[in-house]
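You will see two complexes here that share chain A, one where it goes with chain B and one where it goes with chain C.
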Partner chain A sequence: MSRALHPPAPPSQSPVGRHAAAPTYGDGLDAADAMEAIGGPAVPLARAAGTILILYGTLLGLWSQQHNESPALLTAIRHWFNRPLGIGEDFTMLGVLLLLLAAGYESAGAAPAARALAIRLARLYAPILAATTLAALLTHVPTVIWTNPMGATAGLADYARNLGLVGQVTASVPVLVPLAWVVALEIVARLGSVLDSVVRGDLPVVETIGLAAVAGVLFAAAHGHLGQLAVVLSSYPLVVIGQAIRRTRDGTLPIWATALLGVAGWALLGWAEHVCPALAGWWYPLTAAYAIPLFALAVVTGGEVAERIAAAPITHWLATRAQWIVLLAGVAGFPMLALLQGRTSQVTAVLPAVAVTCLVAEAGHRLANWRAAPR
Partner chain B sequence: MGTVQGSPASGQAGSTAGATATSRRGVLLTLGALAATAVGAWAAWGDGSDPASAALRITWPDPDPRRPYQQVPPIPIVTPPGSVLINLTDTPSAFITNKNYSPAEMTMLTKAGVAQVTAVGAQDGPIVLGIWVLTVRDGVDPMSTLRQANNFYSTNGYPMTQRATLLWAWNFLVRKPGGTLNVFGAHYLRGRQLIKLEAYGTDPAAAQNAFDSLYDNQLRAWPPDSGPS
Partner chain C sequence: MSAPAKSRANTSHPGARRPRRGWSPADAMTEPIAAPTERIPLIIDELTQELPAVGPRYRRREDVYLYGLDALRMVAALIIVFAHINLWYLASHQTWPAQRALDVLTGPLQTPIDFVGLAAFFLISGVVITQVGLALPPGRFLVRRAVRITPALWAGVILSWLLLNGHAMTAEGGASSAGLNSLLSNMFLANYATPNTVTVLPVTWTLLVEIAFYLFMAATMRLMRTRPWLVPAIGAAALSVGLSVVHVETPPILHVVRVILTYLPILFLGQLIGLVRARRLHPLAAIGYGGLFYLLFLRADLTSSFTPGVPDYERELILALLVVVLLTKANGRFVRSRWITAVSLRTYAVYLVHLPVMYAVLGQLAPRLGSTPATLIGLVGVALTAEALYRFVEYPAERLYRRWEKARRARAEASQHDDSQDRTKAGADARAEVADGSR
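And now, the complex of A and B:
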């Protein structure tokens, strides 16, 4: 594959084939092994960066807006970066899209055995389970957590529906963990890898099915059905693009096919903006236009400096706990902010809020990996 | 690839001191040139804050700062019936230059704080209809603008009837060689905008009808404030 996104692997590196059942990131490998397994620093970098952006966007950005605060730092960053770049929600969506690209990239790499896949899916679902449970409990305590709508109280039925991610795809159930869909899409991507191992070949079957499914749901939404599902699935093209980038890098997909999938996926994102009123005016296609080249660039040019950053303990830690941190920010971080509200400035309060989020995330991660001896 | 190795540049560490000094001089020269360009530009053009336009600045509220752009509120105008003669947003002085507005009135409004004017005018058969939205600049109380406008209209002999706290209607005749124009109008305050609507024609009943329907549509879509804020 002479036109692969990545130059041929040097002899020291064993190229990871798409169908070699390689371990993936976060399976208890150390940073260097994990990076070798997934082929370069792009995934840890995207995951770590995405996590930081989402922490910033929710704990500083979203909280401020919900509580009518405007810290000077936030206002300045909005004035100098968000508005000129056209990236909304204080980079939350940019972070989400980077996570989705990384998830797609990773999911295209390995076709694990049934048992390994089951464990992997369980580990992905664990943060949803934990964050939802914690959120459901906290709705009965006088504190503030990020729910949609804010201030929702969860009965047993709401809790069960949230565990089944029903709240994410219908408008009638209060959503206890608003970002749970990000991890849910990653689970979908992993399930797609099963199909991928069945239809071995050099055609982008799974990727095409993914985009076709999104197109179908968007079409239904355009005719008044499945509107909420369309909102969630409209970001799935980023997963597909991540998959295609991986396959091109591994030499199982020509670059023109990746380019086609990329353009089609991006077009779907643009179409979704017209179909779903909830997406209008947020300029997600523009945010994607930053996220996709950024990620592709990290894959193509991931050199020594990028690897050094990706191998740094903090990056490795953030990347392996990304799903936990992202889902817990609104559940563990918000109560801390509520506790400190009025006692200190919000920018100062964000630090303990991040600390609490990370502590709970670490605890959850260890619990979910207790037999894998996480590092 | 998985292991992090030493910098590839480390093999060239023994470069000569002379070459280093030359490159350092080059860096300093470049930085100096860049700094000189920046200082020169600042001296020539200022810092870009444009104090001349500060007097005309209108800051719109930012309803959702998390959006990727600032949502500017829609212009509170219903489109009058008929063929559009003018649809223009500009500074007050432009309306004087283009002879689209009475210079005396516009001068008064500018002094009273109006910094931006949007006008939509249309000709519906023999009737001419128009709506003007006069936006008050930052730092000026729109109530004071309204008071000065009311003063101006009373000194100019508009027979004004107050229809709501911040809404006045008036009608008068303008005698012209071609016939007498029946002018019906109203003005009111909505937020930081003074809105003025008008309809005129030679037939008094037709002019009044046209005005009444324009008035009803405009006030239904963009009602006046209920009182001083």
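And now, the complex of A and C:
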């Protein structure tokens, strides 16, 4: 779709300034328009890279771990990259942190009008709804999906709790879609942008509130309360850092303030390691120490090559379907891996698993965005 | 160092901050350069004055001098000084309050950050030397590098040798004195390959890596201008072969070679950044080569029990790499401030003198005054000695050489001008004769 064929946007819809209603990557824009709207190639690049890393970490890394398999490719990558660099979970967390940074960067753009915000939130929630429903159904079928704990069977009550994301913050409920918290944090970031438009100042109020909330929950966890919520919220500082980077780029926040927020956010991630036993030993602060400058690099060095890669159809496709693919990898990809287990090598089986995940993600994305599709 | 009047006048020149759509290296010859100290024009001059047709292809004048890397040089020097102070306290079984503060930072990173400083220096060297190499002929490049590092190195070695023989400090291995033979060996860095020689200034091993890179640069300079993509490939191939061949680290000469081969990939990573900045290499090619050099570094680490001497160096390298690339884009008021530039210009001097001065001060004062006052006095001593080294040795030597080089070039140009005038006159006479003949 050529941008030249579009009539100029009316002034009220023009994404100019911090408080204008900026479109996002899920608004049915083409790659060039979307990139212009969100200010450069960083978001699509981070989303696409994050999605690929999560697909690799889930369908090859996690599956192999759970089924005591060790494909040569996985072993080599672990030997040459994961172990020396200290990046655990076969890059899954690195992918997640890139998605969170991108989510924060995007959410700091502007708060849309109430109706548009509701539509965006609904579109963000749609993958959670679809993946949870599919997972709940598949727990009653003799196949394998990624749940926590593995092999959980979901009753109606568990399904409802998972839809309300209660499972993510309560240890007693089986989690049907373990990565749903990533999208949930993006929803929180979007809601935060509403507060941002109310405050309408150049002070980093929303970012500070975000970090203070995380600190409060971690403090509570240190005293034996809200432990599971602390685990989930411990990654929220990455969203805040993404927001701060965006505001610095837009000129509404000095770089030293972003640096301070960055250090504070990173320190909270380090604190969470001590407070939450579930996070100990995963070295997330180290992974964040890679993810943050990587994302910042994508923002400040967004040259012609980066823009060309970001505008490539595959990058755009991955970036716009990121939430769907991430949530469906364990729900749609795992059954395919289970089907092919023993029939072909695991590395070969990953390809159809990725294909199925992407097909279901595409169907879900189209369904959720059918009104926004250009006619 | 106070800025000369000429530099101050240049800073206020209206053209200095004029927005420009494009900038070519040749512009540096005619435009004033807004630089806070006298050395920066020298550096920009070095980067831009030669071979404009095949040299770096910068889009804007701001791209030439990397102010962000000045700030990183300063931080890297601080990290190295801090790491060596820490080492002294560890070796003397004493505690130091700052160590606890560092643990808070390095704990979540799961890695000591001691070597981040060194990795940053190597990376910065790779970037800057590549830019310089693209703009100079090989001979002049090597001479300028020699003038840049040698006088200060000699001064640092002599200072260290004097402190050692004055029993103010001990050398590596516990030696408390060193003869003239050791002094000469250290001045020419031959101590690392010569058995039974005392190393009086242990940090100088890094210069061996730098010199190896300079020689590689000089050897491949012509190729870098015509086929820049080939140079990192040659470097990677040579390193790979070298690592395969040199797989033992005794006698000492083989250890030296192994150390050079292990750390050279870091300089090559810097070279890739320099080539991309100079628009001589496609960013995607640089990413591919970067992966290759990372794997070579890792291979060197995995196949040696001694080199590099610290664990988990890959993490520190990648963290330093990300910061270096990020800071090549920094061009704000903070990184352009005078004091950052001034400190960054003295980092080589700090690097050379911090170990002998700090260890001498700590050795004498820490038992009497306690760790904190002794460390603070040591830091002041390092700052003063580095300032003296920079002001009275490093900078004058470089300026002297540049003056001599300039005068030599002016003489050469003048004689060329005379020759061309003679040729023009002879040609005119010949044409006149032909014209006379035809008439």
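In this text, the second predicted complex is superposed on the first by the 357 of 375 C-alpha atoms of A that agree within 3 Å, B and C clash if a C-alpha of one lies under 4 Å from a C-alpha of the other, contacts with A are read in each partner's own complex, and residues count from 1 in each chain.
To be clear about the criterion, contacts are C-beta pairs under 8 Å (C-beta built on N, C-alpha and C of every residue); 3 or more make two chains touch, one makes a residue touch a chain.
Since the structure is predicted, the reported quantities are computational estimates derived from the model, not experimental observations.
Three-chain overlay on chain A, with chain B and chain C in a clash.
After overlaying the two complexes on the shared chain, residue contacts for A:Leu294 are found with chain C alone; chain B is out of touch. In the superposition on chain A, contact is made by A:Gly86 with both chain B and chain C. In the superposition on chain A, A:Ser172 makes contact with neither chain B nor chain C. In the superposition on chain A, contact of A:Gly40 is made with chain B only, not with chain C.
In the superposition on chain A, contact of A:Asn68 is made with neither chain B nor chain C.
Comparing chain B with chain C, the partner in contact with more residues of chain A is B.
Once the two complexes are laid over each other on the shared chain, residue contacts for A:Leu286 go to chain B and to chain C alike.
Residues common to the contacts of chain A with chain B and with chain C across the two structures: 85-86, 283, 286.
Remark: chain B residues 1-5, 7-8, 64-71 touch chain A in the complex. Put simply, chain A touches chain C in their complex at residues 80, 84-86, 255-256, 266-267, 269-270, 273, 283, 285-286, 289-290, 293-294, 296-297, 300-301, 303, 305-306. Against chain A, in their complex, chain C makes its touches with residues 107-111, 282-284, 295, 298, 301, 312, 314-315, 318-319, 322-323, 325-326, 329, 332, 334.
Chain A makes touch with chain B in their complex at residues 9-10, 12-13, 32-33, 35-36, 40, 61-62, 65, 70, 75, 78, 82-83, 85-90, 281-283, 286-287, 304, 307-308, 311.
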